[in-house]
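Naming follows writing order (A, B, C and D), and every chain is counted from residue 1.
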Amino acid sequence: MGNEIRVTVWNEFRHEKINEKVADIYPEGIHGAIAKFLQAQPDINTRTATLDEPEHGLTDNVLNNTDVLIWWGHKAHKEVSDEIVEKIYKRVLDGMGIILLHSAHFSKIFKKLMGTSCDLKWREAGEKERLWVVNPGHLIAEGLGEYIEIPHTEMYGERFDIPQPDDLVFISWFEGGEVFRSGCCYNRGRGKVFYFRPGHETFPIYYQPEVQKVITNAVRWAKPAGGPAPKFGKAAPIENITVYEG
Amino acid sequence: MGNEIRVTVWNEFRHEKINEKVADIYPEGIHGAIAKFLQAQPDINTRTATLDEPEHGLTDNVLNNTDVLIWWGHKAHKEVSDEIVEKIYKRVLDGMGIILLHSAHFSKIFKKLMGTSCDLKWREAGEKERLWVVNPGHLIAEGLGEYIEIPHTEMYGERFDIPQPDDLVFISWFEGGEVFRSGCCYNRGRGKVFYFRPGHETFPIYYQPEVQKVITNAVRWAKPAGGPAPKFGKAAPIENITVYEG
Amino acid sequence: MGNEIRVTVWNEFRHEKINEKVADIYPEGIHGAIAKFLQAQPDINTRTATLDEPEHGLTDNVLNNTDVLIWWGHKAHKEVSDEIVEKIYKRVLDGMGIILLHSAHFSKIFKKLMGTSCDLKWREAGEKERLWVVNPGHLIAEGLGEYIEIPHTEMYGERFDIPQPDDLVFISWFEGGEVFRSGCCYNRGRGKVFYFRPGHETFPIYYQPEVQKVITNAVRWAKPAGGPAPKFGKAAPIENITVYEG
Amino acid sequence: MGNEIRVTVWNEFRHEKINEKVADIYPEGIHGAIAKFLQAQPDINTRTATLDEPEHGLTDNVLNNTDVLIWWGHKAHKEVSDEIVEKIYKRVLDGMGIILLHSAHFSKIFKKLMGTSCDLKWREAGEKERLWVVNPGHLIAEGLGEYIEIPHTEMYGERFDIPQPDDLVFISWFEGGEVFRSGCCYNRGRGKVFYFRPGHETFPIYYQPEVQKVITNAVRWAKPAGGPAPKFGKAAPIENITVYEG
């Protein structure tokens, strides 16, 4: 109980309300689908939050009791308040893990954590994708085969304008001729950041077992590590040394 | 001529105006001292810019004709306009190099490029520092000995809240018991970023030949590499493939 | 039981036999001291092995049932058989973690895994060392303070000829003026490698609780991740494509 | 003259002697083709060496006067003498750059520098390859477009068992469904290492201008940086401190 990883799954939750096709695929919202398979894990305790709730569902109380935040957004990045983004940012630097899915590459929080534009190339042709595991010693690759195949998806292609990942776990191949760094790990402050590409709203990708496995592994990888809180600012003086002033 | 590296040395230029001691050490400003040794290099062409000039001296014309920007700031980070910071940021992603000196760790542009707080520990005791070269194969280490010794300086100590550097060139040792990652290289977009610790305003550090050598080397390392401008957005369709819509 | 991490603590075990001072400090050998504190952990199951046992105590059966190998050696690196080194190497690439302590920087297996000389600077003056945590978000930093202080130790100084670590967790400060990258993480194949500096044979360093904590954390970090075993060699043919032969 | 980069192009030079098709494509050997386009550069001075020459053409005099060594080998890796490999290795650690092409992934020197098996997946179907530039700020990407297309080639696919590159410049896409890290940069000692995938012996890949451009750029990137030679071994004593002996 006390050892459960407390996950908050955040979703913009707009496509599902206005697009019948998306609503058919994700009747409980993308957040609902993700929360469901995570909740089935004995070591994970899940709640959800969405854009249109007060404070986007991310009150101080929620954030302070979240070990790992999962983020899905697409068409309303600009509606996320700067104040909430700042709070998430501080929590990440303080140790909260964050997992950003698919179109969240353009979320305010991801761009702020990366320090780059996070821009990319895209195509909606429902083409085939293969995510090759290039770091089979990484926790996020636990239990996978040598690649994950997604039969139909939107393409994201390089150049993906991100800093070089601290660990690169997946590289995607696309039918149309592109590649993409699809599973990227970063350290920011005491927190861990994982960007994972799969998950377009018009395809049932979050029901695919291997995709669920990756997100579940990423939660375990991204949980706070419990290292020392940094002490910033004025340091202790040096004993027995006369200050030199030039 | 056409091959010269065009450097703009930017300085907050406030300490020099109000603190006699700083003015004595840097009568032409910190920017003046840095520009002078760079200008003496045959392959470098230098200009300067300061906070209190219109647009902080960083007009579109200046920025668009700058290959490497050097930044020194300390007490007036907040007075740098967000609009200018945004322009610098875009130029870095587009290939302009940037070198951040000493207290510029807390500049808006460095924090924006890093995605972290960039906070640290400090002490003003005029203590001794040694910067050890830990990557002697790096261009920035060209012509140096195995360490640089600075007889009297302000201390900066770990934990330094930055992303793990893409290349770490120097680690500092301080008399009082601290260490610091003092020469840190990053890639952001097509641009290169170098943070270099030495340079407190009340010590004549920018007259020290080894410090000048590092900054000169860093200019050569940070100049635009001339790689391909990324093409973002909608990609070409796939030939001979029927789009799948689920 | 089935989930316990199976650790083998390997020690050269020569100093203890011929040097009374070392024998006084480590009456059960350095391996005995390390095995003891690890064995006290509920999730770790420990055995030991030493140089003078048949096959250095590292039979196929032992290696194949080891999740994490801990290595201490100093004066007899050359006596370790190349055949055993090759077996350890293959096990690491296959997922076994390895933790190399102090003078093991010059062991055959570490040099083979690094691809560099692993040389360094040293001084025996019994001076003070402080290991600063520079990556407080790393598992290996769990439960530590912002630094570990070792009152008396042999100094190791930069330049340490290793590849840039995938993750750098500790940087050491030494009383005499040197710094050292003291906690270095690498990925090799599916295995994890951790080099940890502390541990000279004439000081009781492995009885220090923070040092024990780091080694315990490192065992948990280095255990096999369970990712996919790579498939090397001839790949499947491409369906429906005529091979082009020029 | 004194500033020219001294390149030695080494080739196994066996396929060309026994396979008519290879001899037709590379009548002067693969080394001859590479040396020719490099020699056309004003800042590069090229010589060649091959396996069947005395000392494989790599005498002490040749190695000591080589700034960057280019290596192509395939079927005779085992015939390269361990003694010569050791000499190359020491020269790399001492600052000589090395560029390994295509099947040189399995050369003794590359495996020794990497510390891994360097194994991979392959298929000979004459399929299409696209090398995407994922680091457009890197010197090796200078003057390229956003990808290089090779119309017909042997496929190399992940999992490629190498350490995570210090800089990853290219990722390959293959027609048959695989990806590959095709341009990988490493630091070893004071030397730089670049692995570049293209170049199967039965395709005229080294005549392709973009491939020639990459190799030329890599020579400029890999040349010795001129940083300090490390001082290893016993360090200077600490002044005014009594040695503590426990």
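Note that contacts are C-beta pairs under 8 Å (C-beta built on N, C-alpha and C of every residue); 3 or more make two chains touch, one makes a residue touch a chain.
As the structure is a computational prediction, the values presented were derived from the model and not from experiment.
Among all the other chains, which ones are in touch with both chain A and chain B?
Where chain A and chain B share a partner, that partner set is C, D.
Which chain has its C-alpha centre farthest away from the C-alpha centre of chain B?
Of all chains, C has its centre farthest from that of chain B.
With over half of the numbers shared counting as same, classify the chain A/chain D interface as same or different.
same
If you average the Cα atoms of chain B and of chain D to get two centres, how far apart are those centres in Å?
Using C-alpha averages as centres, the distance is 32 Å.
Counting only Cα atoms for the centres, state how far chain A is from chain D in Å.
Chain centroid spacing, chain A to chain D, equals 36 Å.
Identify all positions of chain A at which a residue touches two or more other chains, and write them in rising order.
133, 135-136, 146, 157, 159, 164, 166-167, 177-178, 187, 189, 228, 230-231
List the residues on chain A that touch chain D in their complex, please.
Chain A residues touching chain D: 130, 132-136, 146, 157-160, 164, 167-168, 171-174, 177-179, 181.
Would you mind writing out the residues of chain A in touch with chain B in their complex?
Residue positions touching the partner: 21, 93, 112-117, 119-127, 152, 155, 157, 159, 161, 163-164, 166, 175-178, 186-189, 202-203, 228, 230-238, 241, 243-246.
List the residues on chain B that touch chain D in their complex, please.
Touching chain D: residues 95, 133, 135-139, 141-146, 166-167, 187, 189-192, 225-231 of chain B.
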